[in-house]
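This report refers to the structure that appears directly beneath it.
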Amino acid sequence: MSSNIGEKIKLSIFGESHGEAIGCVIDGLPAGVKLDMDKIYLDMSRRAPGKDKTATPRLEKDIPHILSGVLNGTTTGAPLAMIIENTNTKSGDYSNVLAMPRPSHSDYPAYVKYNANNDIRGGGHFSGRLTAPLVFAGAVAKQILAEKSITVGAHIAQIGNAFDDMLDKNNVTSEQLERLNKMTFAVINPDAEEKMRAEVENARMDLDSIGGMIECAVVGMPVGVGGNMFDTVEGKLAQILYGVPAVKGVSFGEGFGFAGMLGSDANDEYCVKDGEVKTVTNNNGGILGGMTTGAPIIVNVAIKPTPSISKPQRSVNLETMEDDTLVIKGRHDPCIVPRAVSVIEGAVALGILDLMM
Amino acid sequence: MSSNIGEKIKLSIFGESHGEAIGCVIDGLPAGVKLDMDKIYLDMSRRAPGKDKTATPRLEKDIPHILSGVLNGTTTGAPLAMIIENTNTKSGDYSNVLAMPRPSHSDYPAYVKYNANNDIRGGGHFSGRLTAPLVFAGAVAKQILAEKSITVGAHIAQIGNAFDDMLDKNNVTSEQLERLNKMTFAVINPDAEEKMRAEVENARMDLDSIGGMIECAVVGMPVGVGGNMFDTVEGKLAQILYGVPAVKGVSFGEGFGFAGMLGSDANDEYCVKDGEVKTVTNNNGGILGGMTTGAPIIVNVAIKPTPSISKPQRSVNLETMEDDTLVIKGRHDPCIVPRAVSVIEGAVALGILDLMM
Amino acid sequence: MSSNIGEKIKLSIFGESHGEAIGCVIDGLPAGVKLDMDKIYLDMSRRAPGKDKTATPRLEKDIPHILSGVLNGTTTGAPLAMIIENTNTKSGDYSNVLAMPRPSHSDYPAYVKYNANNDIRGGGHFSGRLTAPLVFAGAVAKQILAEKSITVGAHIAQIGNAFDDMLDKNNVTSEQLERLNKMTFAVINPDAEEKMRAEVENARMDLDSIGGMIECAVVGMPVGVGGNMFDTVEGKLAQILYGVPAVKGVSFGEGFGFAGMLGSDANDEYCVKDGEVKTVTNNNGGILGGMTTGAPIIVNVAIKPTPSISKPQRSVNLETMEDDTLVIKGRHDPCIVPRAVSVIEGAVALGILDLMM
Amino acid sequence: MSSNIGEKIKLSIFGESHGEAIGCVIDGLPAGVKLDMDKIYLDMSRRAPGKDKTATPRLEKDIPHILSGVLNGTTTGAPLAMIIENTNTKSGDYSNVLAMPRPSHSDYPAYVKYNANNDIRGGGHFSGRLTAPLVFAGAVAKQILAEKSITVGAHIAQIGNAFDDMLDKNNVTSEQLERLNKMTFAVINPDAEEKMRAEVENARMDLDSIGGMIECAVVGMPVGVGGNMFDTVEGKLAQILYGVPAVKGVSFGEGFGFAGMLGSDANDEYCVKDGEVKTVTNNNGGILGGMTTGAPIIVNVAIKPTPSISKPQRSVNLETMEDDTLVIKGRHDPCIVPRAVSVIEGAVALGILDLMM
């Protein structure tokens, strides 16, 4: 079970949902970066549950506590260690999970792989709660990128049958992304929020859950970051994005839409604009030959419905090896997509920063 | 520019399209694997161009020549080095590319990154031709996996508006995949081929190109391969798949379809079957919590239309920094999707083997 | 500044000498290992200062506090995070170090590299105190190796002009190493301790410090661990051993003695013993072609005198760029060799475990 | 068996002594470096055998043939692949080695690890011949370092009981190193050569072999390259140096001499010289806290006597598991130290370059 990623910026995440603390170590950060803790808290609060009906009523206080690597608010270049103490965990809720794996959760393969030694309480190290340190690390990365005039931002593109407007791939601005950065329910078209909330509320009333899609952009990239073959920006970002639980699809620019396109429609022609080479369109999402083109990076991420639903489900009693019915108790998000926005931003920011160091 | 990938099975690919030779080194292979060279040649010939109207009329003879790591047809455990000599290259065809970047190719970011030192002839190290060593390495990986009763196979799921049947996610068999392994134009539904060929022929007649989608499956996986966070099967396969030029989307199981689904429809319930725990459905594509569930791995890959089209396109003269019109001469595939099938299989096989060593 | 090491067992160390806490994350540990905390505390207390006149009078309470990865005293397979809170730090002592680099310390290159952002208090992240998490991780590794009947142990071979007996390279036993494991001043020949303590006391009285050498052995290794070229046991161990501050030499078996030897004296001939292939001698320290031979691994490590001495020394005022005289105040070990024994053991155990996973 | 090393400059070496070809792929080289092939040939000829009585009479023609990554004599930034064809191999000479492992060779652990699949002819992938691609890669690295005014050079410090003068650790110059770079028998004191040759000749006449030590220096390093903990210059160089067959000790500056020193003698005090901070002495070999100090890097490498000697030796028949006597036929170097000089230089140059990219 490896919770490490990165070549130059190495992130190591630890902790279990119902353990004493979760946290991370970020190794390889440049020295001298002044950290704006308020921005970090904002990103973490965007991920934190309990703010509205789309989220679990649990009250997680995600207060990051920095142990090392920062002196007088500025990075020292030494590894930055951070912990978040776990409070308000009710481990009793998960008792019957030990015997019966929850459908579409990691329970069953984790049971086979780690057997009785896996800490299953609250999902243990597999819990979505482990994305909190990722958001923290991503928020640090965003600030380092901001010093290079690079902005990362995302919005909820889809929840069920409700859709937001899509970003203008070739003309999205840092101002627009910064606006999204401040929103708890990040959408471009204000009307989308109501429709999306209705989708979530319907699922919740139905003891069900619902999936969605997040679109993320990076503006301000220099040309030529990344590389071809196995150093592609796409591969780098996909690897880290698939580390976010529930992500089942990652695509760039037109993504799967390319499958139905002609080259003459898909190709991004070049023109001179203000003395610089620009693409006329940006179907490729700012990446060609694995390298940045200078146009905005556009990545779409599919998020599956949270597997914890209150409806009874077929499962297997692993002790008796008999079919059985599972009713998951406890508090569950009917939709994690709104909370996942700052996670996706953080993952993308970390991937980009690692490529640029 | 890194052309290395893998943690336990390390693949290093080298060569330029119009250089003396291309090839690869595979480090970390187990000793004692008897290689069936015919199967390797078959996979390479499926990738090779010139077999029909969907492909470029160039005649590449992709004969892999093994230099080391194999003795009497069996791996020794030492690094396996292989070269393919380049023949029949006509470098003259690409002369005007030097001044004007081809839209949606790597030319422009490569120009910025490597300037005059990049070998631009035939795409150089960025050429799709570099997928030949990847197919070779993948074919070797497939044989090692076969010894563990694991089979990898893929088919053309879509070309433009023509669609093949999709694999039965929960019940695809190794026999079905092996049948696909032998096909030059790999489709499940024989009717699909004609429609797809028509799409390609229309694009070709129009001096255009066309994209598509490949669906790949792995059957026979044990439970628990991979890991959560940054060791996920999804992240591992995505990273290597994005190393294949023209790939712009990678998804697993229902992929982007999850965005519109309810949890109760998306979840894969469990049942006991022949004394073993099985999923009733396989919407998650055989992966939960980043680990294999034992159900078939299902991955979908979006391939953009080949950017080399014969239609005139807007580009920029990098010397004069003026808008200009580019007409790409030379021989180009109107559709690389059929040839990409064995590349995708190979990439997936390598990723799986690396996870299992 | 990277404090990460390991391919399968990934160790990430963090913290500064005078920060809030130091600690580590160990990623990739097997699940189900029952940890004997007393043994871990013993190794940490062997490293801890303040026990006798060879060590600094500071009273560090190195109580490791496990945050994750262990449930009911047993590893879960998830990352093991551990912190040690820093107490009893007197930062005032190091004030003049900011302007004048201490000879043979990391101060000067760290000043150039990190400038004003480096946390210089107590050596910051460069402090020898950071070896405490390494001892912790090594103690965990030793327990996992013990389950495979592999024992790691070391002794003080030399301090100044005082020498211990050397291990019998071909016949050292696990019992002997376990005896050394329990000693605070680990020597084979009891007479050596007195002579060594006299060397240290003389240096201390002289406001000076003194260097030494540690010999470490690993018994119980299977044949064939490691590999040739860049996977050698020697290279792996050297890389991690050079991560221990003050280590300036690492050699195996006869080490630098080989330079004066004939092949006929140096070669380890083979014989059959109890039905198994054994080497008659073990000049190569249990490693041939980078792989273990089954004979004990023998590694010697040179430790330079601790650079913090109380004698006045020539240095440079970095602000005025003028020659000046530095008098280092504060509490310093005249000899760190006795405390380094469990650090070297831990580093070797970690390296071996990583090779064997 | 991994023959890969490097984080930014990734080197992959392949080939077997008696296979078709050996070679390497160097990934991550900067674009635009003009290669002086004559200098590369010179380094390779310094390693090549057969020039005088210290070496094997085999005539290896080590002509490197570049397959990719170089266009018009200049690096393109794409992976540089190089092969050397094997000629003049007489595999028959090694027949009895299959049954009886040669003392102090890799034969026995390789037999246990790879069993019958290992290509044992001429040492296979374990052969010292595999250092030829390392010299090639090192020669390329030296040229890239030379552009940064960094020079790497080495000399034979010891063969048996014959000693050369040692480098002046604090004042060695690039001119001195460049002189050594051109010598086939690299010594500082011309008198040393004769004594060393006598040592070798005596061993040869005695059907024996003899060991030695090489001292290597790097001048022109900027301050602050490398890092503490697991990014040390020492650890990096040691890891790659232990990849050279027969290396059994690696130390820096005073190395094992530190064990007998007082801090006041060992410490390198600072002074201002020509407006810059300099160390008065350089006992630490140009490295403090794992980082370069700007003083010359000084590394010493112990080379064991080549294990192939013509004297009868005790070994074991692995088929009958009985004690037996081995007489190694074939052509063997009585001393590989003179040939190893350019190998050590190359290994050090590669390690330094990787740290600096």
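Order of writing sets the labels: A, B, C and D. Residues in every chain begin at 1.
Here is the rule we go by: a residue touches a chain if its C-beta (ideal position, glycine included) is under 8 Å from a C-beta of that chain, and two chains touch if they have at least 3 such contacts.
Please read these numbers as outputs of a predicted model, since none were measured by experiment.
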Chain located farthest away, centre of subunit C as origin (C-alpha): B
Euclidean distance of C-alpha centroids - subunit B vs subunit D, Å: 39
Centroid spacing, where centroids are CA-atom means, of subunit B and subunit C in whole angstrom: 47
Averaged-CA centre spacing for the pair subunit D and subunit C, given as whole angstrom: 27
Residue list for subunit C, restricted to those that touch at least two other chains: 1-4, 13, 113, 125
Category of the chain touch graph - line, ring, star, complete, other: ring
Pairs of chains found to touch, sorted by chain label: A-B, A-C, B-D, C-D
Touching residues on subunit D, where the partner in the complex is subunit C: 1-5, 13, 101, 103-110, 112-113, 125-126, 130, 158-161, 203, 206, 208-213, 223-224, 227-232, 234-236, 238-243, 245, 247-264, 266-272, 275, 277, 279-280, 283-285, 288-293, 300, 302-309, 311, 313-316, 318, 321-323
Subunit C-touching residues of subunit A, taken from the complex the two chains share: 1-4, 10, 12-16, 19-23, 25, 27-28, 31-32, 67-69, 71, 74-81, 83, 113-119, 124-125
